[in-house]
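Quick notes on the structure that follows.
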Amino acid sequence: MLYEVDLIGADDQQLLKISEEAQLGLSLSEMRRIKKHFLEKKRNPTDIELQSLGQAWSEHCCYKCSTQILKKFVFGIDAPQNILVIKEDAGVVEFDEDHAYVVALESHNHPSAIEPYGGAATGIGGILRDVVCMGAQPVALIDPLFFGPLDSSHVPRGVKHPRYLFSGVVSGIRDYGNRVGIPTVAGMVYFDEGYIGNCVVNVGCIGVVKKKHIIRSRVKKPGDLLVLVGGKTGRDGIHGVTFASAELNESSEELRGAVQLGDPITKEPLIHACLEVSNKGLLEGMKDLGGGGLSCVVGEMALAGGYGAEVELDRVPLKDVDMVPWEIWVSESQERMMLAVDPKNLKEVSKIFEEWDVNSTVIGKAIDEKIQRIFYGGKKIFEMDMEFLTKAPVYNKPFQIKAIERKDPPFEEPDDYGKILLRLLSSPNIASKEWVIRQYDHEVRASTVIKPLQGVLGKNTHGDATVIKPLESSYRGLAITADVNPSYTKIDPFWGSASAIDEVCRNLASVGAIPHSFADCLNFGNPEKPERLGELYSSAKALGYVAKALEIPFVSGNVSLYNEAPYGSIPPTPSILGIGIVSDIRKCITVDMKKEGNPIYLIGETKKEFGGSEYLKLLGISSKTVPVVDPKALKKRMDSLISAIKDGLIASCHDVSEGGIALCMAEMSIGGDIGARIDTGIIGNMRVDHKLFSESNTRWIVEVKHDLAREFEKKFKGALFRIGDVGGNNILIKNDDRTLIDIPVKELRDVWNAPIYDYMG
Amino acid sequence: MEADVTIILKKGVADPEGSNVKKALNLLGFDEVRKVQTMKTFRIDLATEDRGKAKKDIDEMCKKLLANPVIQTYRVEIR
Amino acid sequence: MDTDDIRVAVLLIEGTNNEGEVYLAFKRLGAEPEFVHLKQLMHEKDIFDYQCLMIPGGFSAGDYIRAGAIFAARMKSTLCKKLIEFAKNGYPVGGICNGFQVLVELGLLPAFDSVMSNYPQAALAINDSSRFECRPTLLKHESKGNCIFTKKIPYQEVVLMPSAHAEGKFLFPLEKKDEYLQYLIDNDQVVFRYVGPQGDYAGYPWNPNGSIHNIASICSPEGNVFGMMPHPERVFYGFTHPDWTRVHKENGDGKAVFESVLDYIRRKF
Amino acid sequence: MEADVTIILKKGVADPEGSNVKKALNLLGFDEVRKVQTMKTFRIDLATEDRGKAKKDIDEMCKKLLANPVIQTYRVEIR
């Protein structure tokens, strides 16, 4: 049942062996530190104590490698809208006078690589709990996803084919999200060789809460009862966090304890019940059981309140009766939450859970010493100082920043631009993601007012940001988008990450929203390799640089390291979730072009920036000039654009990103089912392919209402070029007298719609 | 040639579908139902009469698409 | 009776998840909707305290076995007699999406020869695409006046209401298909049919699931029991239409469904 | 007592799930797959040893919940 582990008598080699055999994932120096602690206590640890340390000190739980970097760059951006940021499972930000919105973003990479369906589903389950435990009603889900190319002909042994992973992950998110009735409204899908061995599955959730109902993840005072609610505890999901903090290899499949299927139908009433007791003011605190299970939640809640805790482990309702104490303590069974309840409210809380047919059990209480004790069968089996348990070592590991020479090789100008545009449209990274979007119920709750697919019925194009109207009594809206371009970050982690922020802001501004907060999920390789940690460093630095200049805070996030296999690491993948505010959703606009005769303008400067661009990838040429970001220009153009949208001058708007101006025009036409006549002559003096396909940041194309064009020109501050008009059945792009592209919109649409369906069926 | 491939959840992996069906049957008054497990069968019609090859191919199909060895096992029955 | 006296039971079990939208649709029109858990109808609440029963969408009991099957079986075993009585007295019973699936599994629809058939006479099977389909659908209103949920929508008008389901393919038993379909038409039980932008009875994706006869919605022979796969509650306002930034609409097309049923109750009770 | 209840689509009823799996297998290069049909099995553990009663109850369960006679039939196998 319970073992004492001989640590005191162990030498270095034995220490390592203990860590490995018990799957603790602790290094030698960490094991030594633990040994020293117990030497002082003059006793050996029990297996449950040791397991608990393995959980608490994992990278996943304590960010021992990344904290220093995050603190330096990403945390602590002050903004008036901040309510509770970085401190809790999710960030809490002001929405209006009485309401806040809550943001959480996490990775579920390792479990999804092993069991895509269950891994992604439980990812959604976990992120929902992070939002619910702040007392908030979830209103939207977001899912940035990254896989190997769908046409990969060969994958290494022990690795699943990208098509299998893509299909399983999307099914998992679909089945869980749809079943709990929270719309999945935004996300991204990116394919790159670098994700063959390690797919990246990030999931985000946004919720809304009355400010007075915000609840903290802590106990309030000694005597507060710890009430475990939701599903039973089983052997499923043991060692999820230590698993997430290691590289995957061929034998990872055997770690199946860490993978679960998830049960949305237990979750749905659990959400209702938790929100009901919270809204009735019956709770002192609430926190979800995620990584590390009970072992993490009890300690963190108690310590956050400034106290300790005592737990009677035999009270925990079990799925498998023969579980031993340490298994109960670290199990990551899904669909569970921990409440801190004042004894006087216990009866009412229990009654509400009973009404919802959800289990609730008192398993312990907060105590006035900073000590954590566990009893099992009447015997004390665990006693540790909270400080030691939760103060994991912090590392300043060595890192190395690679030098990047910003240079493009010379290359010949191709002759047929029409063909290139068609090929770009059919590249899986650009092609329509309808296959994914329509499998998610993105309209449940009936508050998705700007949808992810936009345009003439049956002829949709991609939107830039989705807009939710979360409150019945107000027209105020939340705009939501997620982005990063791994082709950039792979070449240049700094400018690639800066570009991600630029793109997120562009997307939000495109619908008329003011960017308001960010969450980041930093997916990187093995931090023990200096060049990997260097990538993390550069990326975090860039995120902080742009966000600070814009005065937009990071309010929550997550770090996922060790996304690395023996044959390589994923590209640096800082996926960024951006949230914007619109004061009146009825003013929002969409991407699809609206009306014959309306003038078209390009906002922003086009430079020769081809690093990571779809165009050069297509030509098979590698380049290092990843687009740079000028935060000042971004802010200025954005403000100007948002105010023009607010004034009702703009009929449609799309930001210029992958594939450049040519692609941007094509997407606006596809949704509007109408052509455009463009002349790139006035953009500047450069080769025409630079104009068409460069991916310089901070640019948009807007269709302005015909009779308001003058006013728009007068009002708009910053780089502005009138490049053409809406009309005709073709996209016709000229440069002065030379015709570059002339293709029917229908042909563009067909080429753009098909690819993912062709691969996935 | 036809083969039935049955996919079964491994022991210890929670089966939310099964437990929800059990609950429903109990609520309908079938109190004697103690447990429900769900399984999925694919009946595959193959354009070959070579049993050996069929068996090998089906094994391959299970590994690549139909089953995930992490949580599932499978049983093949050539008819 | 007055609108503000009309009590609507929005019925749910675990996994129901569109109840909030249906509730709001009635609330916005001045009625008194209330969430009612099926459990509660066994003791503390009585179905006859309400003038209308609505079964909203979602994934009741996870949609395990078949969509709506568990919800329906549980209703049948606890509420059968009262339900029949309720429907017989002309009270409206509506099912949207998962609710439609429940009504079909229950035998309250199409209910050719009695208020509730012993076994289902139709099925809402897995979509032809084998995928969950969340997409705008256009519906032609074909009720000639029988259906009390759509009286405010002109005959043959095309309206937009979005679909979001994985099991919505309306089917009759193969051997009885033509006969049953004829009944349905003769009894004026076909309420909405999927059409394309030209108003034609188009195939996929306009018919998102492969339903026979492009059926999206039917009602009982008496017109007071009504089920539809698409979601009227999601298009209550103009700005929830998918193309509202192109085609301005003050009211959403779904509003008329809720107005119609309230109007009926006001007159009749 | 344990029983396997298998739910089978009636002849002539389309099986989109099966055709999807077929397509996926063909895409993976298993060209010899001509057709795939899907079936669902519920393995029900009953607290009774009376075969007759078990059979009757299971029949009841199928009618009340597990199968929709419009599109499905079922097969019961007591183990």
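Going by the order they are written in, the chains are A, B, C and D; count residues from 1 in each one.
The rule we apply is simple: contacts are C-beta pairs under 8 Å (C-beta built on N, C-alpha and C of every residue); 3 or more make two chains touch, one makes a residue touch a chain.
Please read all numbers here as calculations on a predicted model, not as lab measurements.
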| item | value |
| --- | --- |
| Pair joined by more contacting C-beta pairs (A-C or A-B) | A-C |
| Centre-of-Cα separation between chain C and chain A, whole angstrom | 36 |
| Intercentroid distance (Cα basis), chain B paired with chain A, Å | 34 |
| Distance from chain D to chain A - Cα centre to Cα centre, in angstrom | 39 |
| Chain C and chain D, separation of their C-alpha mean positions in angstrom | 29 |
| Chain C: positions in contact with at least two other chains | 61-62, 64-65, 70, 73, 77 |
| Residues within chain B bordering two or more other chains | 16, 20-21, 24, 28, 64-65 |
| Touching two or more other chains - residue numbers and ranges from chain A | 264-265 |
| Topology of the chain contact graph, where touching chains are joined (line, ring, star, complete, other) | complete |
| Chain C - residues contacting chain B, complex | 61-62, 64-65, 70, 73-74, 77 |
| Touch list for chain C against partner chain D, complex | 65-66, 69-70, 73, 76-77, 105, 119-123, 125-130, 171-174, 210 |
| Chain A residues within the chain B interface of the complex | 114-115, 117-118, 161, 164, 168, 234-236, 253, 256-257, 259-266, 319-320 |
| Complex contacts: residues of chain B adjacent to chain C | 16-17, 20-21, 23-24, 27-29 |
| Touching residues (chain side chain A, partner chain D) in the complex | 163, 167, 759, 761 |
